[in-house]
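Here come two complexes built around chain A, the first alongside chain B, the second alongside chain C.
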Partner chain A sequence: MTAVLSVRDLGVTFDTPRGPARAVDGVSFDLHAGETLALVGESGCGKTVTALSILRLLPDAARVAPGASITYAGADILKLEAEPLRQVRGAGIAMVFQEPMTSLNPVLSVGWQIAETVLAHKSVGRATADARAIEVMKLVGIADAEDRYRAYPHQLSGGLCQRVMIAMALACEPKVLIADEPTTALDVTIQAQILELLVDLKRRLGLSVLLISHDLALVSGVADRIAVMYGGHIVEEAATADVFAKPVHPYTEGLLGAVPRIDRPELRLAAIPGNVPPATEWPAGCRFHPRCAHAWDRCSTGEPGLVAAGANRTARCWLIEEPGRRKSS
Partner chain B sequence: MTGPSIRSSAHPPIRPFIEVSGLTREYAAERAWLERRVTFRAVNDVSLTIGRGETLGLVGESGSGKTTLGRCIIRLIEPTEGTIHMDGTDVRALESATLRQFRRRMQIVFQDATGALNPRMRVGQAVKEPIEVHRLARGADADARVATLFQEVGLDPSYRDRYPHELSGGQRQRVVIARALSVEPEFIVLDEPVSALDVSVQAQVLNLLGDLKRKRGLTYLFIAHDLAVVRHIADHVAVMYLGRIVETAPAATLYGDPRHPYTRALLSAVPVADPKPGRARIVLAGDPPSPLKPPPGCPFHQRCFHPKKNSRCATERPELRVLDGAHRVACHFADEWP
Partner chain C sequence: MIADLVGSRSVRRALGAAGIVATLAFSAPWLSPYDPNEHLDAVELRIAGPSWHHPLGTDLFSRDVLSRVLYGTRVSLTVAALSVLVSVTLGTAVGMAAWLAGGAVDTVLMRLVDGALAIPRILLLLVIAALWNHINLAALVAILGLTSWFGTSRVVRAEVLSARAREYVAAARSLGLSRVRIATQHVLPNIAGPILVAASLGVGQIILVEAGLSFLGLGLAPPTASLGAMIQEGQSFVYQAPWVVVAPGVVIVLTVLVFSALGESLREALDPRSGGRPA
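Let's turn to the complex of A and B:
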């Protein structure tokens, strides 16, 4: 399998009044051609910061680690000049953001906004851009695309606004789509529509998708592989079926137990004790150790690296070296 | 409405703890391009009962009227029509003095714990205040109660001196739950109490709510949009659509044998944390209609996929009728699934 996007040793630090916040640290992964890779984890674990780094959309306050690289089409995005970067953002990698309502400009019609994206990235005229806008609105299943072209965001439902965002992302025929919590703000029946749309578009257009979500259940149905993040690290990466069949990292195991399942009601959920600490206060050693059921003294002193944990899977946990320490549940 | 369950003994029937009948709440819809004000029904002729010590889960899409219904039941919002009884007392007929007494017995927990707490008040004081307002205890006695409550919700009592921003989201929601418990309520409306929390913390709070209910014999109205969460905590479930209840049943029945097409679609849309294929997902076309212009006939008919759906659905609104025992459904063809 060929990687369309390779992230290596990505680190992002913010300077805050409480000291440096290491939002993302030592993150490496490959997105393969035609696959959906899900980046999953709780609030604040670094999912959005990772996504923004790929498109170089981080705020100025962010410092990217000097050794990091993000390779796309043979070039390191982190080192690109303005013009090639613009090319990558338009026709290479496109992004759909979490809040469709706030990402759209409220005073411009949605069709106009899609056409503007085309004009910004392609040397075409207004009429061609407008036609392309209507074409992609149809592509994402917006009925009456010609009429809806003139609609303002507030006149559309949340689900339609998210379709507009996806249409805008696809307007310049990207190879890679990054979708950051594309359905979180939507009702469950609309969420199902949007997921169906993403799966269908991926197949029809041969896209590679980086799907960001806090919801393991949601990604289980659409992702080929899952990378679980905790505390700015990827703590486990494996094929979706493997993650669910046999989680290696205790955090992944904990998440699977904590999610209430509609097909398996239980009296008590297996909650993970404690809270995620702020990014300024990651504990020494393994960042998960204060909440981990298996932790021993090594976990509070040494930081485990991301290592192979079986065929085609990696994890960041001392249990891989010392499996005898795993407590049976 | 259907009344309390009919008993064949000589004793008078036991009234359910919470009994809501014909509850309607209208709002004025501001429409800039119209001179006159139009009203619409955010909650439309809702009847429901909750037994003492039971949890009714209330689910439905955004804007279906869940919050409005929950707030009307505890009279945080005045209903336009309908009656509400708690423990046999007509809550809407209460005068201010007795209403205050009743308010103590009915509490509410909101989704947004941050907004529910005064940012400049220490969280211990936030829990103590209602105890003193309702004259349940004073001074050192009240402080001791606060310490006990903190322990009960799984917070170290030393956290009493912190301000809300010094706590995590899950800890703040525990404070809000402790505050609701401080006046020893019997009935709590939980309006999306875990929606804003991360899954690992959500599980902690759900476990806590379940433990408290069993220990204190509490009665809950649990509002949520996450059907997996509701399955976990509710004894009965009611599904709302456009201000009306379209299906209600004991949880096992509703999840095992849903009869309204909307419930079926809702359940099939819930992602299951299991990559094995096999579940057919029903993807509904279109968006829910606007409550300002409810469609004639069945409110669901434009999105409906029931194979028996016909012209009757577009003209005649199906009543919420008893299908079997406590299972009630508002669909003409609820018992005609293939």
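Let's turn to the complex of A and C:
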């Protein structure tokens, strides 16, 4: 498998009044052709910042670590000039945001907004762009696309707006789709429809999808691989089945324990104690150790590296070196 | 958005009132009973009071006051509309440019605007008008338009800054739209409302400023009828012939009120907190 998108040693620091906040630190991953990789973690773990850095959409206050690289189509996105960068956005890598209602311009018709994206990348006329807009609206399953072309965002439901956002993202045939919590703002029944649509489009168009979510259960049916993030690090990365069968990192274990299981209704849901500390105050050693049930003194002094934890999987935990210290639950 | 605005009752009322004022002013050639500049009868009709033939009386030069008020309103409205067009276009362009260029250009532009705003407007106008020999309509529009865009550019920049932080701008950027395209296609339609408000409030303001300039003798050259100039001409015999001053004065007050009401009702209809606009 070839990597369409390679992220290496990505670090992002925000300067805040309380000191530098290392929102993302040493994140590396590959997105292979035709696969769905899910970035999973709690709020504040660095998922969205990672996604935004891929398209260089971070606010001006963010500083990207000098050694970082994000390779797409043989070029480092972090070093692109303005015009090639603009070409990558939308035509190479496209993004779908969390809030479809606010991500659409309220005063422009939705079809017009899709056509705008086409016009930004192709030297075609208005009529061709409009035709393409209606074509992608049909592609994402919008009925009466010709009529809906003229609709304004406030006239459409959340689910339809998200379909429009996906249509906008796909209008210029990108290779990679980044979906940042694409279903979080939607009703549960609509969530399933939108996820199904993403899976279907991925298969039909041969997309590679980077799916960002806080919901491990939700991504389990969609993702080929899962990368779990905590405290700006990737703490575990493995195939979806492996993550669910036997999580290596205690944090992944905790996340799984918090997922309701229909096959084990007698199980109490386990909560991970405490909260994610602010990015200005990562604890020394392993960033998860204050909340970890297995932690011992080594965890508060030395920071574990991301090491192999079996075939095709990696994790960032001292338990890999000292499996005897794992407490049975 | 336009539909929401027209749907607001106060906006419709204010628009109607502004429409009546504008219609009256621009029908002056047909409504006026006399030529506004004709000296009708220097002996009989010198500052004659209101009568059947001259409902608003006549002035010192035996000219019909009603005709002069109608023509004067037309002049004042034309000057105001054109000046506002100049100032709003310029203000919008500068505000957008400040954001598009960003960084040092933005800072320098906005500090210059701050500086210009610190100079009293009437003082600025007096200096410019004094340097001009013969002020015709185009010159007056240029003077008024070029000195009244500072406030608009601040408003536009502030609106652009808040629009820029919206998610749809981030979404448009993520899909590869250029800055210029985002500015003109996405941000401008969203700030059309505040610009409209600034424009209609501006019309009222400019009418006042123009009247003030004319009153000081720095407006359009006589005998062109303008509301301010009429008051200036009538002030010396205000006790003998109050109608010469009162008629244009009332028209100024009414016109300014109408356009301020229009601006206020637009502002209210556009403000989501007032509930005038469905979310």
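By definition in this document, the second predicted complex is superposed on the first by the 324 of 329 C-alpha atoms of A that agree within 3 Å, B and C clash if a C-alpha of one lies under 4 Å from a C-alpha of the other, contacts with A are read in each partner's own complex, and residues count from 1 in each chain.
We take it that a contact is a pair of C-beta atoms (placed from the backbone, for glycine too) under 8 Å apart; a residue touches a chain by one contact, two chains touch by 3 or more.
Here the structure is a predicted model, which is why all the values come from computation and not from measurement.
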*So, A:10: does it touch chain B (first), chain C (second), both, or neither?*
neither
*Check whether A:309 is in contact with chain B, with chain C, with both or with neither, and answer first, second, both or neither.*
neither
_With both complexes overlaid on chain A, does A:214 touch chain B (first), chain C (second), both or neither?_
first
*Which of the two partners, first being chain B and second being chain C, lies in contact with A:129: first, second, both, or neither?*
neither
*Check the residue A:165 against both partner chains and state whether it touches chain B (first), chain C (second), both, or neither.*
second
*After superposition on the shared chain, which partner residues are touched by A:95: those of chain B (first), chain C (second), both, or neither?*
second
*In the superposed arrangement, does A:154 touch chain B (first), chain C (second), both or neither?*
second
*Which touches a greater number of chain A residues, chain B or chain C?*
B
*If you lay the two complexes on top of each other, which residues of chain A touch chain B in one and chain C in the other?*
none
*Okay, in this complex, where on chain A does chain C touch?*
55, 57, 86-91, 94-95, 97, 99, 102-108, 116-117, 120-121, 154, 165, 168-169, 171-172
*asked:* Touching residues of chain B toward chain A in the complex: what are they?
replied: 61-62, 168, 170-171, 198-204, 206-207, 210, 225-229, 231-232, 251, 255, 265-276, 281, 283-284, 287-288
*Would you mind writing out the residues of chain A in touch with chain B in their complex?*
42-43, 157-160, 187-193, 196, 214-218, 220-221, 240-241, 244, 254-263, 265-273, 275-276, 291
*chain A-touching residues of chain C, taken from the complex the two chains share*: 1, 166-168, 170-178, 181, 185-186, 189-190, 192, 278-279
